[in-house]
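Shown next, in structure tokens, is the structure this report addresses.
Labels run A, B, C, D and E following the written order; every chain starts at residue 1.
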Amino acid sequence: ACGKAGSDKKNSADSGDTKSIGLLLPENASSTRYESFDKPFIEAKVKALCPDCNVKYSNAEGSASKQKQQFDTLIAQGVKVIILDAFDAKSTQAWVKEAADKGVKVIAYDRLATGPVSAYVSFDNEKVGELQGQALVDALGAKAAESNIVMINGDDADPNAGKFKSGAHKVLDGKVKKVVYEQSGEWKPTVAGQKIGAAITQLGKDGFQAVYSANDGMAAAIITQLKAAGINVPVGGQDAGLDAIQRIVSGDQAYTIYKAYKPLADSAAELAVDLLQGKDIKSVASASIDSDTDKGIPAKLLDPKVVTKANIKDTVIADGLYKAADICTADFAAGCAAAGLK
Amino acid sequence: MSTNPTTTEAPAPAVDPRLLVREAGFAGYVGEFKRKIKSGDLGSVPVVLGLILIGAIFQSLTGDFLNADNLTNITKWVAGPGLIAVGIVFVLLLGEIDLSLGSVAGVSAAIASVLSVRSGLNEWLAILIAIGAALAIGALHGFFFAKIGVPAFVVTLAGLLAWSGLQMYVLGDKGTVNVINDGVIANLDTYFLGDGDIAFTWAFAILGIVLFGAGQLLDSKRRSAAGLSARPMSEIGLRTGVIAVIALVSAYMLNQDRGLPLPLVIFLGIVVITDFVLRRTSYGRQIFAVGGGIEAARRAGINVAWVRISVFMISAGMAALGGLFIASQQGSADKLLGSGNVLMNSIAAAVIGGTSLFGGRGKTWSALLGILVIQSIITGLDLVHVNQAIQYMITGAVLLGAVVLDSVSRRTQKSSGRG
Amino acid sequence: MSTNPTTTEAPAPAVDPRLLVREAGFAGYVGEFKRKIKSGDLGSVPVVLGLILIGAIFQSLTGDFLNADNLTNITKWVAGPGLIAVGIVFVLLLGEIDLSLGSVAGVSAAIASVLSVRSGLNEWLAILIAIGAALAIGALHGFFFAKIGVPAFVVTLAGLLAWSGLQMYVLGDKGTVNVINDGVIANLDTYFLGDGDIAFTWAFAILGIVLFGAGQLLDSKRRSAAGLSARPMSEIGLRTGVIAVIALVSAYMLNQDRGLPLPLVIFLGIVVITDFVLRRTSYGRQIFAVGGGIEAARRAGINVAWVRISVFMISAGMAALGGLFIASQQGSADKLLGSGNVLMNSIAAAVIGGTSLFGGRGKTWSALLGILVIQSIITGLDLVHVNQAIQYMITGAVLLGAVVLDSVSRRTQKSSGRG
Amino acid sequence: MKEMVHVTGAPVLALRGVSKRFGAVQALTDVHLEVHAGEVVALVGDNGAGKSTLVKTIAGVHPIDEGSIEWDGTQVGINRPHDAQALGVATVYQDLALCDNLDVVGNLFLGRELRRFGTLDEVAMEKRAKELLDTLSIRIPSVRIPIAALSGGQRQVVAIARALVGDPKIVILDEPTAALGVEQTAQVLDLVERLRDRGLGVILISHNMADVKAVADTVAVLRLGRNNGVFEVASTSHEEIISAITGATENAVTRRQARIAEEAK
Amino acid sequence: MKEMVHVTGAPVLALRGVSKRFGAVQALTDVHLEVHAGEVVALVGDNGAGKSTLVKTIAGVHPIDEGSIEWDGTQVGINRPHDAQALGVATVYQDLALCDNLDVVGNLFLGRELRRFGTLDEVAMEKRAKELLDTLSIRIPSVRIPIAALSGGQRQVVAIARALVGDPKIVILDEPTAALGVEQTAQVLDLVERLRDRGLGVILISHNMADVKAVADTVAVLRLGRNNGVFEVASTSHEEIISAITGATENAVTRRQARIAEEAK
């Protein structure tokens, strides 16, 4: 034959782009965290560590196939380090390998992507579920053992949702009387609201003593429906959205899970810049973890935190996530005063 | 083989002897009904039967479906998607489609809540601005479709993307906005008339019955006076009776729970008004004409571009209203509001209710019937505890089942009619 | 005011003197082209211009768009949604819609991967079973539509739900299945012919050019021989020249990167075959006839039900193929494969490429052109890296822009034609 | 009025007591009709008399409600157009029923395409199409323009030509000359005669009594969906037929004639 | 052939050098036409001669490419049907252009609905519809059935009746009697005469020379998209018109007549 394709091209990937870091986040709809926190925090930290570096960001909108395209597009652009929050961590084995073959390093962010990743920074998603379960038990207090629970889980199609669910069950099963109604809310508030309506119809107004909601968006709709039915029981979520913090202030929601995005983002940025500049990463990623496909991945694992009315000040406000003024709009002024936020 | 031709008849046309005139009285009513069943000309009857079937099945499976509070919930939850479906009926009557309505619902809810909550604007004003924005969006769609000639599918697909982008943009970094406690939007879903006073429910039901009966009577009177064929009294009585039973039973059920839900009243009101516009005004006639044959409509001097633009404004406006009800129902406006199945459910509602996708045939009542079918399936399945995969499969099957009945009867009609 | 009527002409009809015959040679070609621009009869030219515009804009914004490897990526990624779009073209030609194709793609990919990976079946066999399942699904849709008379919209909406439920069910609790490393499915996306040997690319391009030119020549010969008007040699030369330039430039670009991608070859092959079926066989003619006027087709003795059922089988089969390509591209089959924008993008591709939503007008090449437009926008925006909200708005605007050009030219055509 | 029925052996097609109802309209009641080989039967009647409906039941467009259809003496079921075509019925519908999106050639051969190596033989079809249209002396700018771009008469001629592709035993023409010019009308009448001479049965629907008298052997009158007489053309006057159609000896036609005669004085 | 043009003052409508092209077909070339108040102008020509196209340019369906249109002596632009209607042109199209999904009443009053308290006055419209249809002596099972359920002739009458709702100055009838029975045809001819007597201008397109000769004052012939003579009806023979239409003195019509005469011997 007459030769190999690409033999005479000035390969952009070979020449490389030593100033760009790719950032791939999985979705933007079911949670506001990605574009509200992860992206800006990472961008800021990268700028601080390496002023002439830039971050090339794309969002997969909940599609593995789309994320793969974005991944390849970054490589086509010559990016050498990619921070990957895999939409579906299981799918990535072949991609990461392909990238590694081309000398592109991948940092698994938040979700442990399969394949030969260079490092991993995350919260433990199973742990999130456990914290949610425990917080609900705490909110019930002494009555916990006699309490019936309604669980509204995340979308079955989302791999994280399964982890939250199993984590929560680990704690709840045994500590509460019974999970009397359990359905997927598909990460959709309206769906969650209608499921809780069905639960009320079936169990009656006194048929359950607390509601587990896998995230805050669904919790909002659940609380609205409970209120409309005149039911007042603890409801918890996840993500520490501003609206959730406000509901905690007003006493409508019991807790949320705050995954401290800033430290997470900062570590990812540090790792990325180090890899870009060829430095050693052991100081940041001091732990080690095994994925389904690879062993001994350098890792940094952070702890998610439960936020209740008592620690709003010490968590989301202390970390600079929100200002008291953001939270304490007219509707919530009274609650804020009571909670000592000003 | 030849018969003797009649040669005595007068030339001026009398009533056509081939027209089968129905017997008078109740027997005639029954005969007519039998004929209609045979020729498949049953109107909404199959859908209503489908609805009853769904109710019966879920009741027997769960024992909770016919609870007063479950039924009340259903009547509340139909308002949001139902209003969007009303808008879709208008667009479908033109033989077109509007894919943007979910996004328009989302962006309108976002605008109203951001303005009222974050910017502290008066809530009514915020709502007006949001609806105004939706009307402008609809006008823009209509313009590109009617004036530039871009297919409505493409225009509204572009809109679907652009307006959900705008929705995210409006909600901004902080994302979800809670609606104001006990505010206007919050009350859309949660308020019961007279705070649950049963008198309102009864009054509303009786008002409906009286208006219906009186309307039928007056119409019949005018027609007889003008020498035209009119509905016989027996039929008017029977029809009003059926309506009365439905209205009174519904009122009774609602009063078992929390009373007359505001969303139901508004939704019914809008269905009645839009139905009136479509059937009783020149504008409505023009919509049907454009949908039935655009060239014929144009040649009749109808301003086709204006009809199209205005219909896209109506659909966007309805979507905005629907979006506010959805926000009220979920207690917040978020980036997801209006996405997912919202649009498909609304289109399906219109189609299940009997509005044609090919233009020129349908009514806004079909939005009501169709969304009741869909919401009943959803709510019924929520009561049955199976996993999400199975639920999807069952939803598909029930949806198909609910329409098969209707299709079979229409098919009879088709095979016994032209075409 | 009266002119003398001609009375000398022979009665047998000769060529109509009002038909404007084009001048011979190149001047005639230019004249004809000018006339076509004026009357808006430009075929695919506006879409191609739109494509060039999109390329130019993104290249100037990012500097990376026209990289060989970016272009290669685009040619690989069009296969999945493009094949679904080919199926949609068939359905649109009937004037119908198939909403289930995303789910069908998803469930087929799930079946193939679960069978081959978890059950250890031979991968080819697994693929055949998956495609067989899709054909059965399509036949079921077709049956409910053509035989029972349920609107296609409702049947396939029910399918959309049911099959995505089935997809979840097949994938089960363990969820995502990675495709076999270097297996058949894995190679669909990643293999380059001859492992990147440039000879394959050149050979493929030249084969295409020769086949096109020879086809045109033979056709023209046969027509002249039969005494019918035929394309002049100059025009054949010009057309073949244009094709040659496109093919050779593409080959050169591909060879700058990894060579000739398998997905491109398969996709092009299927477009060519389906185009042939539609334009050169009785079956294809029947599809157009049913889409152009179902009653006329029925009266011509065409088995309308069979045409409909078979078309829904084709669309489902294409979706299954598309699903396998998507699985290959993402390296796995998951519960969300085929959901989200997949269906809308494919429908939009068909429409942007010029296939009518109202039946009877279109070709499978429009799937290719349209999906190139859409994938270019998506990839271009991925290169730009702005935030999601803005991206959505830009996508909407670009999508609209790409079609406005086409619509404006068609509008001219309309105003200068009948209706 | 004479009771004379033209008989040459058994009828090819016979309708016995056919009824058809649409919703509340009884379009046909107990209709009888016979067509023999080599016979031209004119089917006449007022607007809305049921002529097209009758024709559509024969062509399989609407299945009949009651009665029976006999073909060469044996009872047959005609439930869809395909059945009628298989028997050998070619129909030109009043509403033409052409596919607007297909070109003239495509419409002419729809359902009976000429093939070569299994694929459409466009060259052969185009050639044949030109020949067919030439015999009907119509000038169509190009046989490759879509039907939607043709004039009313041009479309009608295409529909007529369609019936000649294939090899029918009975040809049904529902007002075939309604939109035609004088020359084209003459050609169609010639065509009808040629078909008869080739031994085909022809059912011709027309409101034009001159045309009917020129080519028909028998005239069957429908009135308000019922038979209203069958006449031997040769021995029946114009006026007799008209009065069978209108159901009155005094009618708008006679009134108009009387008035004009009056004014002329 | 005489050059006699019927003139009663200035024409209400005059076309001057009108041309119209569709893609590669030049449908009209430099066409002139005048219509006066109280005059019936017959527009005749072979199939595809451009009659319907000419009518559509007047009715605003297709804007003209070249030339000008004058109304009461002043030049006007007619770009959409609405413009023509506003001037006072009522048109019955050859392809009828009715909305299949609307009922007879809905179609009759489309665009000119009768209203009462701002809403549709169905009772008044239904009554008026019945009256209108009665004058055209057509029997329609019910004025409340959709157009799709009517026979060809019934539809045509509805289209004609449509033109009488409103108050036009010029009525254009494109082959209005093509699908009509003898009685209905007579009624339409009567109607044309009544319109003329009321001082309206009428353009009548027809292939039926007898009808043309019966009601028209002037005959304008189109041939292959060009004027081919304007004749005073009173002083022109049937044959002269036919040969202007076909462009030949020897044609299918004369051939057919000759042959029949031959056979008769």
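To be clear about the criterion, a residue touches a chain if its C-beta (ideal position, glycine included) is under 8 Å from a C-beta of that chain, and two chains touch if they have at least 3 such contacts.
The chain lineup, named per UniProt: B, C = Xylose transport system permease protein XylH; D, E = Monosaccharide ABC transporter ATP-binding protein (CUT2 family).
A quick note: this is a predicted structure, and the numbers were derived from the prediction, not measured.
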Checklist entry - Among the other chains, which touch chain B and chain D together? => result C, E
Checklist entry - Compared with chain E, which chain's mean CA position is the farthest off? => result A
Checklist outcome for this item: The pair out of B-E and A-C sharing more C-beta contacts is A-C
Checklist entry - Taking each chain's centre as the mean position of its Cα atoms, how many Å separate chain D from chain E? => result 26
Checklist entry - Which whole number of Å gives the spacing of the CA centres of chain A and chain C? => result 39
Checklist entry - How many angstrom between the C-alpha centroids of chain D and chain A? => result 75
Checklist entry - Whole-Å distance, chain A centre to chain E centre, using C-alpha means? => result 74
Checklist entry - Got the chain E residues that touch at least 2 other chains? => result 22-25, 137-142, 149, 183, 224, 246, 251-252
Checklist entry - If you look at chain B, which of its residues touch at least two other chains? => result 11, 16, 18-19, 168, 295, 388-389, 417-419
Checklist outcome for this item: Listed in rising order, chain A residues that touch 2 or more other chains are 28, 35, 156
Checklist outcome for this item: The chain A residues in contact with chain B across the complex are 28-30, 32, 35-36, 40, 155-156, 181-184, 186-190, 192-195, 197-198, 200-202, 216-217, 220-221, 223-225, 227-229, 241-243, 246-247, 250, 326, 329-331
Item to check | Interfacial residue positions of chain D with respect to chain E in the complex | outcome: 22-25, 45-49, 51-53, 94-95, 137-142, 145, 149-154, 156-157, 175, 178-187, 189-190, 207-209, 224, 242, 245-246, 251-253, 255-256
Checklist entry - Given the complex with chain B, which residues does chain C contribute to the contact? => result 95, 99, 144, 148-151, 153-155, 157-169, 295, 344, 347-348, 351-352, 357-358, 388-397, 399-400, 403-404, 407-408, 410-411, 414, 419
Checklist outcome for this item: Counting only contacts in the complex, chain E reaches chain B at residues 59, 61, 80-82, 85, 91, 93, 97-102, 106, 110-111, 113, 115, 118-120, 123-124, 126-127, 133-134, 137-142, 148-149, 183
Next on the checklist: Which residues of chain B touch chain E once you look at their complex with the stated criterion?
Outcome noted: 11-13, 16, 18-19, 222-223, 226-228, 276, 280-282, 285-286, 288-289, 291-293, 295-303, 359-361, 417-419
